[in-house]
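Below is one structure, written out as structure tokens; the observations come after it.
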Amino acid sequence: MGTANQKEFINRIKMALGKPFAESRQKADLFNSEMSAESRAILEHIKNRNAAERKKLLETLIEAAGPINLQVISCDDISAVTGAIAGLVRAKDPEWGDQKSVVAWAHPLVERLNLPAALSEQKVPMFVTGSKSTADEDLRQQVIDAYIGITSADFCMADTATLVMRARPGQARSVSLVPAIHIAVIKLDQIIADLKELFALLKWDPHERREGLTNCLTFVSGPSKTADIEATMVHGAHGPREVHLFVISA
Amino acid sequence: MTKITTENYVAEARKAIKNQVLQRALADLQNRFGRGTAECYRQLPEGPDLRLKAHEIRMKTIENLDVVLETLAANILKNGGHVFFAKDSRAAVDYCLEVARRHQVRRVVKGKSMVSEEIDLNAALMDAGIEVSETDLGEYIIQLAGETPSHIIAPAIHKTRNDVGSLFAAKLDIPYEDDPPKLTWIARKALRQKFLAADMGTSGCNIACAETGHITTVSNEGNIRMSTTLPKVHMAFMGMERVAARLEDHDILLRLLCRGAAAQNMATYVSYIGGPRQADQVDGPQEFHLVILDNGRSRILADAEFREMLCCIRCAACLNVCPVYAKIGGHSYGYAYTGPVGAVVTPLLVGINRAKDLCLGETLCGACQEACAVNIDLPRMLLALRAKLAEGDPAWGVKPADRKEKLLWQAWSMMIRKRTVYDFVLRLAALVQKLMPQRDGMIRRLPPPVSGWTQGRDLRPLAKESFIQRWRKGF
Amino acid sequence: MSNEQPVTLFIQCIVDTHYPAVAEAMVRVLRRLGISLTCPGDQTCCGQPAFNSGYRRQARTAAQHFIEVFENSEIIVCPSGSCVNMVRHHYAELFQNDSQWLARARNLARRTYEFSEYLVDVLRVEALGARFDGRVTYHDSCHLLRGIGVRQQPRTLLQHVSGMDFIEMRDSDYCCGFGGTFSVKYPDISDAMVTDKAKNIMATKADAVVGCDMGCLMNIRGKLSRLGSDIKVMHLAQILAC
């Protein structure tokens, strides 16, 4: 039934626009199939970013993170991150029930943290949303039960302190959403300036465009919030109450 | 179809003006967001004129809407999603019910969407025996109270913490509590159960991207992510105009949307959703449906005078600066769309005569256009609607709203053509005004049809001599 | 004063009929600058009330009369931003299907100025040697501000008045709720709006509130009077003529 509907629907629009006009238009005007000079310049700029510029972006990110209560922690090496996460796991209480468990993406950077070992002394189990060997239903329950979710991200936009995550096998969308605390770990060179850079990368960078936006591209800028009751700002409406972002410089 | 109560504009406005709690909340809202948004625009690297660029982008899309929508639909199908083109509310609702039946849906969680208000999705689902939970905190409060939203972005601004506390105590069977963080947590807990148990999640769409085949959802709470991630079916509803052709367009539009909606540089959550979970992914809905709604929009598109209205991205920035909205609140507008956007779009959707007070009940102060994220000339369209009401317009099925008034204006137009006639009428009026009660040189009470003036104000009487008369005498 | 271009007075109907003193003050200020003035005795109304109510045919009649009366004037100055906005922007809309009248309307629009705009932007005058002892606040009229973009000019002129203590009110750019026939058709809403305006004015403890449009000022004055306030309501020209 879809296509007949569609034809009738689109025809109504054509009629509304004035038919001769509608038919004379060129599709090419609307969707730029060639990379513009501007996009090319943006990609060049990203590629040639030097260490000082990256540091500057980190500073911008930290500045933007403040007002939205995103905790940004810059670490020189990966072991420092592992230690800090173990500290968070120890310090924070679970929101629902009293069992502590952690859920994490199957992701190279997260694996390098070697968290299961670090958490074993606290006897806090860590589940990984990795292989399809675990049934989806069990995985779902592990995410629901966890009070901390650990992910990486594809990019982080400094301008607005926004994590950008694509949907991939092993990298469940719910890990950054359902647990009360979201911890993200990225490397310094994953920080980009803004939306303009992000969209240029996703649309035109030969490597990034292969994957494109995927079926779910998510931006996260700090913890969940609401001001629906007397305009009072409260964190943790439905999503995480806290978000901690670790940036590894080395 | 949502109950349309546009006829009650004046009565509802009167009620709202007397409601002190609402008045304070509205003032606070405008103070915060109205001024905040203006400041956000000023701080844009491109400045407030970026809104003009956004207007161009929107107009170009609207003028190519057939191509843009076909591209969007084709890309979503390619990604394994379903697209349904709905001519009207009925078609949209029926499609949703049909999918719900197929999946034996018993519980739906709903992410805030103006279109679902427009088509009154809740009522249809509940009639079918399906439990519907609003999940935006404000919408949840409104649903528990059995009311309708009064603001596009802040639906429950007319409720105090005490109202919410009593409501939660009564409906959720818990002790009374009036601390906003605690109340938020109570809702978080209650709704978490709803998210986990739901079979279907619905959402709106802020601005789709045709060339990639994605819808976007924007929220601060995370309820829309929950609704579109956890249930096995996700159904999104979008007005047919809510789309951009290119990903690049989203840079400007998204930045302006967040600033216009909540004076933020970026909302907490933005998702680009382009289809169901892939075979190798571990979560996300198994089915993704997009319902694209016309419901009278193609008629707006066909009229060059009103086509611009389809540029609107429903950020609600106009509500946060409108001095009329600040007094009468959202309920007075009698339909899903409130404030200046409602004053133009509602008459076009539900009938101009029926919503005549929405067209006439503004001062044309122009604050809305200045606040509009995409610089829509709302005052111009209000004037165009008034012209239809004055003269009638068969194309829109409009009858002249007030024939007596028309006669008065006709008489007026004869009078202003000749100064001698004008002066004669002035002299007459000066005689009549002597009958009016005065104090300290001000008229205290006027007769109908101008009695409204002296309801709360005095009037300076006509001068003994007009300036032109004095000039003639050699001032 | 080097600028000797004669000025034709375009007197807003409310000023003409209710507030002739405002026009007189404007005349005094302009004469003080050595400007020769004319004032067509045939003028009536620019047509804005009809236009804003949707009666475009009737508004067109008014606009045609206005164009005929003022067509031969070199510079037209009006003590109302709202009327200037009508001539400058809406006449084009009224005559969009009539190229002859459209050309005449456009030609006229280019030569029509609001009073404060004319002083500051055209004559480049800021100080007029006026004196006013007291505290003064200023109301931004909507069409003056958002229609023709005049925000600073009246403030600049006020700041050069000696003896004056100028204070901004809260929400000076919020509509006062006048809106022409709106004020009579929707009295509850209009009254609620002007009540806020009056409160903001009274909160400044000003001796006078000044504006550039007697439509708004008539509304504000009407409310202050009903509230029993003795704050003076003055057109900018009246302060500058002091």
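List of remarks:
Chains here go by letter, A, B and C, matching the order in which they are written, and residues are numbered from 1 within each.
We adopt the following convention: a residue touches a chain if its C-beta (ideal position, glycine included) is under 8 Å from a C-beta of that chain, and two chains touch if they have at least 3 such contacts.
Predicted, not measured: the structure shown is a model, and the values here were computed from it.
Considering the contact criterion stated above, the chains in touch with chain A and with chain C alike are B.
Ranked by the number of C-beta pairs in contact, the top chain pair here is A-B. The most centrally placed chain, judged by C-alpha centroids, is B. We define each chain's centre as the mean of its Cα atoms; on that basis chain A and chain C are separated by 54 Å. Mean C-alpha positions place chain B and chain C at a centre distance of 32 Å. Across the complex, chain C is touched by residues 10, 13-14, 17, 323-324, 327-328, 357, 360-367, 369-370, 380, 383, 385-391, 405-406, 409-410, 412-413, 415-417, 419, 422, 426, 440, 442, 449-450, 452-453, 455-463, 465-468, 470-472, 475 of chain B. For chain C in complex with chain B, the touching residues are 9, 11, 15-20, 23-24, 27, 39, 41-45, 47, 49-58, 61-62, 65, 93, 142-143, 146-147, 173-175, 177-180, 182-195, 218-219, 221-223, 225-226. Across the complex, chain B meets chain A through its residues 25, 28-29, 32, 60, 63-71, 73, 79-80, 82-87, 91, 135-138, 141, 154-157, 159-161, 164, 180-181, 183-185, 187-188, 191-192, 195-196, 209-212, 214, 220-223, 225-226, 229-230, 240, 245-248, 250-251, 254-255, 265-278, 280-284, 288, 292, 294, 298-299, 301-302. Considering their complex, residues 2, 5-6, 8-10, 12-17, 22, 25, 27, 29-32, 39, 64, 68, 96, 129, 132, 136, 139-140, 143-144, 157, 159-162, 167-170, 172-174, 177-178, 194-196, 199, 202-203, 212-232, 234, 236-240 of chain A touch chain B.
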